[in-house]
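Note that the chains are named A, B, C, D, E and F in the order they appear, and that numbering of residues resets to 1 at the start of each chain.
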Amino acid sequence: MNQELFEKGLATRKKVLGNDYVEASLRSADDFSKSMQELVTQYCWGDVWNRPELTHKSRSMINLAMLTALNRTHELKVHGRGAINNGMSKDEIKEVLLQTAIYCGVPAALESFRVAREVFKELEV
Amino acid sequence: MNQELFEKGLATRKKVLGNDYVEASLRSADDFSKSMQELVTQYCWGDVWNRPELTHKSRSMINLAMLTALNRTHELKVHGRGAINNGMSKDEIKEVLLQTAIYCGVPAALESFRVAREVFKELEV
Amino acid sequence: MNQELFEKGLATRKKVLGNDYVEASLRSADDFSKSMQELVTQYCWGDVWNRPELTHKSRSMINLAMLTALNRTHELKVHGRGAINNGMSKDEIKEVLLQTAIYCGVPAALESFRVAREVFKELEV
Amino acid sequence: MNQELFEKGLATRKKVLGNDYVEASLRSADDFSKSMQELVTQYCWGDVWNRPELTHKSRSMINLAMLTALNRTHELKVHGRGAINNGMSKDEIKEVLLQTAIYCGVPAALESFRVAREVFKELEV
Amino acid sequence: MNQELFEKGLATRKKVLGNDYVEASLRSADDFSKSMQELVTQYCWGDVWNRPELTHKSRSMINLAMLTALNRTHELKVHGRGAINNGMSKDEIKEVLLQTAIYCGVPAALESFRVAREVFKELEV
Amino acid sequence: MNQELFEKGLATRKKVLGNDYVEASLRSADDFSKSMQELVTQYCWGDVWNRPELTHKSRSMINLAMLTALNRTHELKVHGRGAINNGMSKDEIKEVLLQTAIYCGVPAALESFRVAREVFKELEV
């Protein structure tokens, strides 16, 4: 493992997903899931999310769209929180999801509207 | 059909995808595909793409991500041209596609890199 | 919004999905989800579902197949109820799902059999 | 292999997809693909397609919807021919594909409209 | 139904998924799901899983990969138990899932790590 | 970039996919695709493919299954060659693809049989 990249990635991951969420995720890691945590923290957060050419807000925007298309509800919820942390307004989130209705189909968008409302409720925004 | 919404949608569609492409698409429409052209021009272009809360550049950005996730190569090429028309730089397109490698997987991203390079070659950008 | 198309769509949506379900869905809509409700009611229910060239029963049949393929369990349950409302028998639903085993794979079909059984239990059919 | 089921399946497969297509497919089979031909002819055609509870026309209808959702263009073309052989009109095919635009998204439906037009051209219908 | 193939399939299914699971699944089958149970037991378990050219352990390995790619969480859990029954170690399961992170994307792999940990906890391995 | 990880990854990538293929791929890389080449060579090939807990043959096996499920024909062809290089026999490839027919559906498996036959023809195996 590249410790420096891991540390850089961890900092970005905490900034986007929230310190508590990431700490809990690391605490619950065991031998089985440790390699996955290391891979994701380096490759996803240390490398791609830290590239300066796109803002974190833009990266959140495209994540909401992709996770809707991929039907990955659990991660959509995680990145819905990230989107708020990265400065997306509720109206901007709504617009991204309306556009998914056209390109991914109505059932995909309806699911993401449900998830987004849960996130807003939990964050009280 | 709502003629006013259709006209508004047609103007946006031409601005994004290019006048020549849209004219050719309409000319080639026959009785079979006409209802589809009308549906798409009204709802996708007249309604969603005309909503002011997101810029066309942001809409292109999330389309590149979604079309990669959905494995829809033909439309990705169409919207790759749209992305350039809407002001995305090649570097911004690259960043979106690098992020798809993380979330949609490497084979999805590699396919979109190939498509993007074809678009750049055809547009000589 | 086109109020006339919305009203027409709402009537069809209630006929297919049941008055109670649709009323509850509208009551729970807030500012965030209102645009989505309007888009879907016009575009999906007012326009496509109201086209006379296919019966509602045929439309239910292809929806069960598509929602299985797309792995959209929540909407499958909604449209499972719709299928009964539109006159599909349990045997016809079974046949559609058996065919999804061949084309979408066994795990997709097994999931839809589970959902269909829940629907039948709730509707006591 | 169950020879009787294979023969029954082969007859149905030829009725739906056309004698020439199936003969060519069998002639081109080699040791590598033979087991797959046997599996498909027995289970898909001998078993599921021969169940009497749904008409072949209904089976074609749901196949067009599923293959659009699954993004399987090659098989969609094969089953587009099957749909015509099983008595679907061009208008009915159009309706199924318009409905896929709502549930599977616009890019999926546009691809299937292109495939359907190729089929109609080749069959001169 | 081919009774001999069904019996052969049932034995393999019990060996892989466990006697209790399969007995419970058969007991809960009703008229609606019986045809599906018969189709799967013959075609999937009697035919493909009984082919001698791949070990059951290899078949489990590719199932974990496919079910992750297909986003079929329920069946992944069933086949996670099967993988342990067929002799995969926890480390081998981890390696398959790490590879899905590259090819299917990080959200797909994270979901499968969660499912695998639930399986290990239930089996106390 | 981590040069050491890149070099290790490059060696593995060449061993699996063939020296000529990888050299051509690197030669054709431009500024646009260079970051993607670096990302993939480090994480996919340098990191995951080099982990010793699974043989390269097992990794090829699960790749054929995943790429079929994901409908990624281009990469399937690349990894079909890799599978032969890593010691899979044609019979083993056939078995993996037969199993995809059950879990991913018949259209997915038929596509992969076509791709595999092209690979065998090109490699004259």
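What we mean here is this: a contact is a pair of C-beta atoms (placed from the backbone, for glycine too) under 8 Å apart; a residue touches a chain by one contact, two chains touch by 3 or more.
Remember, predicted model here, so these are calculated numbers, not experimental data.
Novice: Out of curiosity, which chains are bumping into both subunit C and subunit D?
Specialist: A, B, E, F
Novice: I want to compare two interfaces, A-D and A-C. Which one has more contacting C-beta pairs?
Specialist: More contacting C-beta pairs are found at A-C.
Novice: Any idea if subunit D and subunit F meet via the same residues, over half in common, or different ones?
Specialist: different
Novice: What's the distance between the Cα centroids of subunit C and subunit F, rounded to whole Å?
Specialist: 40
Novice: Quick one: subunit D and subunit E, Cα centre-to-centre, how many Å?
Specialist: Measuring from centre to centre gives 29 Å for this pair.
Novice: At least two other chains touched by the same residue of subunit F: list those residues.
Specialist: 39, 43-44, 48, 67, 70-71, 94, 98, 101-108
Novice: If we count contacts the way the header does, which residues on subunit B are in touch with subunit C in the complex?
Specialist: Subunit B residues touching subunit C: 2, 5, 39, 43, 47-48.
Novice: In their complex, what parts of subunit C are in touch with subunit F?
Specialist: 102-108
Novice: In their shared complex, at which residues does subunit B touch subunit D?
Specialist: Going through subunit B, the ones touching subunit D are 30, 32-33, 35-36, 39-40, 44, 67, 70-72, 74-75.
Novice: In the complex, go through subunit E and note every residue touching subunit A.
Specialist: So the residues of subunit E in touch with subunit A come to 71, 90, 94, 97-98, 101, 105-111, 113-114, 116-117, 120.
Novice: Any idea which subunit A residues touch subunit B in the complex?
Specialist: Counting only subunit A, the residues touching subunit B are 43-44, 48, 51, 53-54, 58-59, 61-70, 91-92, 94-96, 98-104.
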